[in-house]
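Everything below concerns the one structure shown next.
Order of writing sets the labels: A, B, C and D. Residues in every chain begin at 1.
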Amino acid sequence: MKNTFGQSLTVTLFGESHGPYIGAVLDGLAPGIDIDEEFIKHQLDLRRPAGKISTKRVEQDEYIIASGAFNGKTTGTPLSILIPNSVQKSADYENSPRIARPGHADFTANEKYHGFEDFRGGGHFSGRITAAVVAAGAVVIPALKKKGILIGTHIKSCGGISDRGFEDYAKDIESLSKTNFPILDEKKAADIREMMEQTASEGDSVGGVLETVITGMPTGVGEPWFDTVEGILAHAMYSIPAIKGVQFGDAFDMVDKKGSEYNDAFRMEGDRVVTLTNHNGGINGGITNGMPILFRCAVKPTPSIYKKQESIELNSRKDADLEIIGRHDPAIIHRARIVVDSMTALAVYDMLAVRYGTDWFLKG
Amino acid sequence: MKNTFGQSLTVTLFGESHGPYIGAVLDGLAPGIDIDEEFIKHQLDLRRPAGKISTKRVEQDEYIIASGAFNGKTTGTPLSILIPNSVQKSADYENSPRIARPGHADFTANEKYHGFEDFRGGGHFSGRITAAVVAAGAVVIPALKKKGILIGTHIKSCGGISDRGFEDYAKDIESLSKTNFPILDEKKAADIREMMEQTASEGDSVGGVLETVITGMPTGVGEPWFDTVEGILAHAMYSIPAIKGVQFGDAFDMVDKKGSEYNDAFRMEGDRVVTLTNHNGGINGGITNGMPILFRCAVKPTPSIYKKQESIELNSRKDADLEIIGRHDPAIIHRARIVVDSMTALAVYDMLAVRYGTDWFLKG
Amino acid sequence: MKNTFGQSLTVTLFGESHGPYIGAVLDGLAPGIDIDEEFIKHQLDLRRPAGKISTKRVEQDEYIIASGAFNGKTTGTPLSILIPNSVQKSADYENSPRIARPGHADFTANEKYHGFEDFRGGGHFSGRITAAVVAAGAVVIPALKKKGILIGTHIKSCGGISDRGFEDYAKDIESLSKTNFPILDEKKAADIREMMEQTASEGDSVGGVLETVITGMPTGVGEPWFDTVEGILAHAMYSIPAIKGVQFGDAFDMVDKKGSEYNDAFRMEGDRVVTLTNHNGGINGGITNGMPILFRCAVKPTPSIYKKQESIELNSRKDADLEIIGRHDPAIIHRARIVVDSMTALAVYDMLAVRYGTDWFLKG
Amino acid sequence: MKNTFGQSLTVTLFGESHGPYIGAVLDGLAPGIDIDEEFIKHQLDLRRPAGKISTKRVEQDEYIIASGAFNGKTTGTPLSILIPNSVQKSADYENSPRIARPGHADFTANEKYHGFEDFRGGGHFSGRITAAVVAAGAVVIPALKKKGILIGTHIKSCGGISDRGFEDYAKDIESLSKTNFPILDEKKAADIREMMEQTASEGDSVGGVLETVITGMPTGVGEPWFDTVEGILAHAMYSIPAIKGVQFGDAFDMVDKKGSEYNDAFRMEGDRVVTLTNHNGGINGGITNGMPILFRCAVKPTPSIYKKQESIELNSRKDADLEIIGRHDPAIIHRARIVVDSMTALAVYDMLAVRYGTDWFLKG
């Protein structure tokens, strides 16, 4: 399956950083879903570089819905989104020496594709491809919202500075949806921004932890083996460049606790079953229990740095040192946030469509 | 796909704790792989309860290879393994009150299956099903070994006590393969065992972190989007009951480091490319770089405890308190280890068969 | 995927003619479906040899539901069915000369599995495996019936003798469900039986055409590309040994007609849309139009014959002649009928579960 | 999966007749395959209308390779092909009465997509989408050829006129590859053309039978259950509009023969195993035997005719008569031919990549 993900709703990604288009095909959407073009643009804007702390390559992120939409609504046939790469510079890179960038996929792509990969700008591995994920996600996020399902992600910690946790989910998700620097505590946001700028000035980079919540999920979604909610979401998240860890509920954070502290006691709240704590992140036995789904992603420090690094040259396979020139993001965690939200939305839509059928979102 | 996993090699699991058989179907195996019956038994033994610190339910773990084997070798057709449930007690549970066990899947199964689930002993969610995973893994582990690929897992930490890290992979994997209490440092093993017994005496339970290494992986395996090595392995791991977090390389552990500290510099070692550190866990851009693959799984504390817990009764949907009687594992992390190894082996075999074809392991 | 078929409902087959068990795993069944054990036995009986015109190997076709059932209903977890091979004779076949039977899979299996295949009795290619298909089908046929969906198949023609076409679908399906010699016209049934016996006495075999109808299908099921109703059903049918052609509606039979003769005119019948003819077999553009789905399968003459045949010996790869001793079916078309019904039922259930969700059959 | 097909090589189709683009994404191609742009154009030309006997809508069939290619070769990442719809006329169709065209998908699409379908020009059901299939096929056909695998299709019969059978496969395939009216016997070609023109003048249409051969296939490809070569190819073929029947070897044509006539005797030819006849079409037990694969597709008469037809109006659901104005193809069988070739090539590539691995075509 490779570049396609999902069962009832599938998303297929294509494109390279310097090719004519990147894009996504969404197949299995219910017909009749409103396409909110303003929202798609808004989401793409949230992914775009944010001032000083981001790369100077600024794409317009124009997009074309090439199929699957009619009179402003989904048709139910494959919806394809094309995003032209307007800023690409074509040059003959072919015989240049190519020093593998540590932490990047230059070397592994060279091994996998035997030197035929389009390496320009990271090619198919470029973070640029995530624009297609965001556009695709922006088609389904409003459909989920109509069903009462909200998704939000903030930077839980970055460079040693921690944000506050979620308090009022709906309100926090709302406020996160409006900013391209997704930190709940304003003071911490300023601290993190300053730290990022400082890191940039040193030619270095930082990573951090993203925390995501999904509210409004019905109970009984997910499977006991393999297609657990955790398995599906983690599988999707690991596609996002730089994500190296995913955990649900408290996991690594409470690994030294006792069962009596970790178990989430059940109680009735009216005629609804709730848990008094949520250390399991809304999932028991791979299946949703109706509580908010909570997970965290570890984002490694952006591998593009300006300090000199030891490496190898790919064609000659000889040692070589690398000094990157130009300007890259000292952090991508704030931009990765909306990619996490979008990928989550696609995976959640799929799990619901598997359970409730392909037309469920039409009836919303 | 639900209870089936994989592309070229698929594993399908079935069974309930108190049904006549649990089992696995392995489809896509190369023909001609030697089936080592002693090894299968050995692996099943490593999963079985280990003395005082484990449950007293002791199954024989007899197994039948019902298809796909001929003259001691795989045929290439679906290999099915049946494991009879010899110790089951059949009784009419139907009208008993059922108090959902916190941290278990009782409630979510009831929501998903609308009350038709076979809840006896946890049914399809029982850790018992992992015996089928272990037997299936034991078919492919020797085939991987012939290709120079070794897998080993130890308890990295448990109840606040940490094991030493891997030192000599081959030697450590060898020693882990012989014990049902997989800790590298003997002194720490004694401490952890003692702590587990103490926890058991308090009617409580512990979790911990498992650390796994895969050595000998070829470069260029895995996909850039979705079917990343991380995505495939994490997807598989999250099927294992109690695993709530998976990370590759250092991830959450080095989340506050800088890019200059996290990037793994490349260097030639003879005609082979190596990295000087391995914070990325042998994977760049979702694809293997030839270094050992390293990942960690957070195992939550076993939800079965003897302390009184708040909960609900499933049929009446009323609040009810739970006091579990009988004897369960105060820790399953040492038993989960071999399940992690087995699931890893199945996923690794599959990724290699996708890349090199269905007959690759025949040529080994 | 190989031995697994389906998306929302998957069926996985395993087993060899002379192994301990053959079986099927059905995954994705709704919970709460009644399991009618008498009906399963009845269906298995319809597959069994029918007197003089069939093989003398008579299995008991006992079966075990090893998982996925509880209190006489499906649980929603994988339902596995095991059928023991009671009559197998184990002998050391390993070094015997093996002359490939023309028309059978002996040679192709040898090429695919490099000589490691369990060739005894046809191994995994044996018609015996279809018993597992029939048992699996017998779990879902009653669930389809509750939704008003009926399936029936008769021998349309055999050895040059043609049955009458369907007249009253419900009545014809009912009468076919009770006989192991599924021909609608009694006189033709007698003629065909006599012809088969004559053919048997000559050491030869016959094939024929099976015609299947599915009534009660909702409109709007199926996909425009790839997962057309025709594509899904044909894919499933071609698994059945000896089926070499599948057509929907009139296809090959009306290939010389004009569009004005082939098009099925629409008309309202009350508030329901119907077609005045049904040359398209209930499917337009890959999607059901609510009319009965009609298709025909070409069943080649059974390859097992007693006449001397030219062939090769598989180990030495030398020319060799083959003379089969023992007794085989001079025709399997009457037995293949129930396999076609069963496979159809599995594929239809799957398409409906994709569209309406995993619980749709629970609500029936 | 819906609009995606394949396992190791997947093809995803999207687009509507009157949308901005139609397209295909090919994922899983080996890196390093030469992309022959002239050949792609040539193949697209073979699909285009052929003079008097075809529609007057003439698209330019310009295409853009939007990803997955670099320096004239495949990169191994998803190769996407976009074909702009240059001739579309945008108008507000929304409130017009819509009379369902008999034999077309207008009614079934309306049922499936609940009225949200883009119905203009047949939308996603339009034969126009097959241009993307042809372009995709044109990427893999040269790769197959390098491996010695050739594919060719001719009109076996049309409107009661039959072409001669294949004689010299290589030569016949070569000559078919150069004409947009694929009939081997020149005299019969003239007769068929004349008959088509006569049919057009009557406002009617014809169908026919396409016969395809694949030469050079290795032995041992395909699976015994479900993913038989027949099942995979038929599944793919049924996506092609108007195909209603598929048969392998002689099937329906020899259904009244005896086993002694149908079985294909094996013999050694040097060190290669051959069959003396090929009634099974190169496939035994779902697996290739090394002989040419032969299959036939029944193409129903084109549903677009100019005679008045009974039908219904889709919005009001009332009876209505249809009289089509404009000019359509009286036959599409000659144009469908290259779609069959292309779809066959994609399916064959996939089966080989499953068996031999993703890089097999690189080594060619």
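Please note the rule applied: a residue touches a chain if its C-beta (ideal position, glycine included) is under 8 Å from a C-beta of that chain, and two chains touch if they have at least 3 such contacts.
Treat the numbers as computed from the prediction; the structure is a model and nothing was measured.
Enquirer: Tell me, which chains sit next to both chain A and chain C?
Expert: B, D
Enquirer: Tell me, please, which chain's centre (mean of its C-alpha atoms) is farthest from the centre of chain D?
Expert: B
Enquirer: Going by the touch criterion at the top, tell me which pair is linked by more C-beta contacts: B-D or A-D.
Expert: Most C-beta pairs in contact, of the two: A-D.
Enquirer: Between chain A and chain D, what distance separates the C-alpha centroids? Give it in angstrom.
Expert: That gives a centre separation of 38 Å.
Enquirer: Could you work out how far the Cα centre of chain C sits from that of chain D, in whole Å?
Expert: 27
Enquirer: Where the centres are mean C-alpha positions, what is the separation of chain B from chain D, in Å?
Expert: Taking the average C-alpha coordinate of chain B and of chain D, the gap between them is 45 Å.
Enquirer: Which positions in chain C are in touch with at least two other chains?
Expert: As it turns out, chain C has residues touching two or more other chains at 1-4, 7, 13, 77, 112-113, 124, 224, 359.
Enquirer: Along chain C, where are the residues that touch chain A in the complex?
Expert: 7-8, 77, 224, 354-360
Enquirer: Residues of chain B touching chain C in their complex?
Expert: Touching chain C: residues 1-4, 7, 10, 12-16, 19-23, 25, 27-28, 31-32, 64, 66-71, 73-80, 82, 94, 112-118, 123-124, 359, 362 of chain B.
Enquirer: Please name which positions on chain B make contact with chain A in the complex.
Expert: Where chain B meets chain A, its residues are 1-5, 7, 13, 100, 102-105, 107-109, 111-113, 124-125, 129, 157, 159-160, 199, 204-209, 219-228, 230-232, 234-239, 241, 243-252, 254-268, 271, 273, 275-276, 279-281, 283-290, 296, 298-305, 307, 309-312, 317-319.
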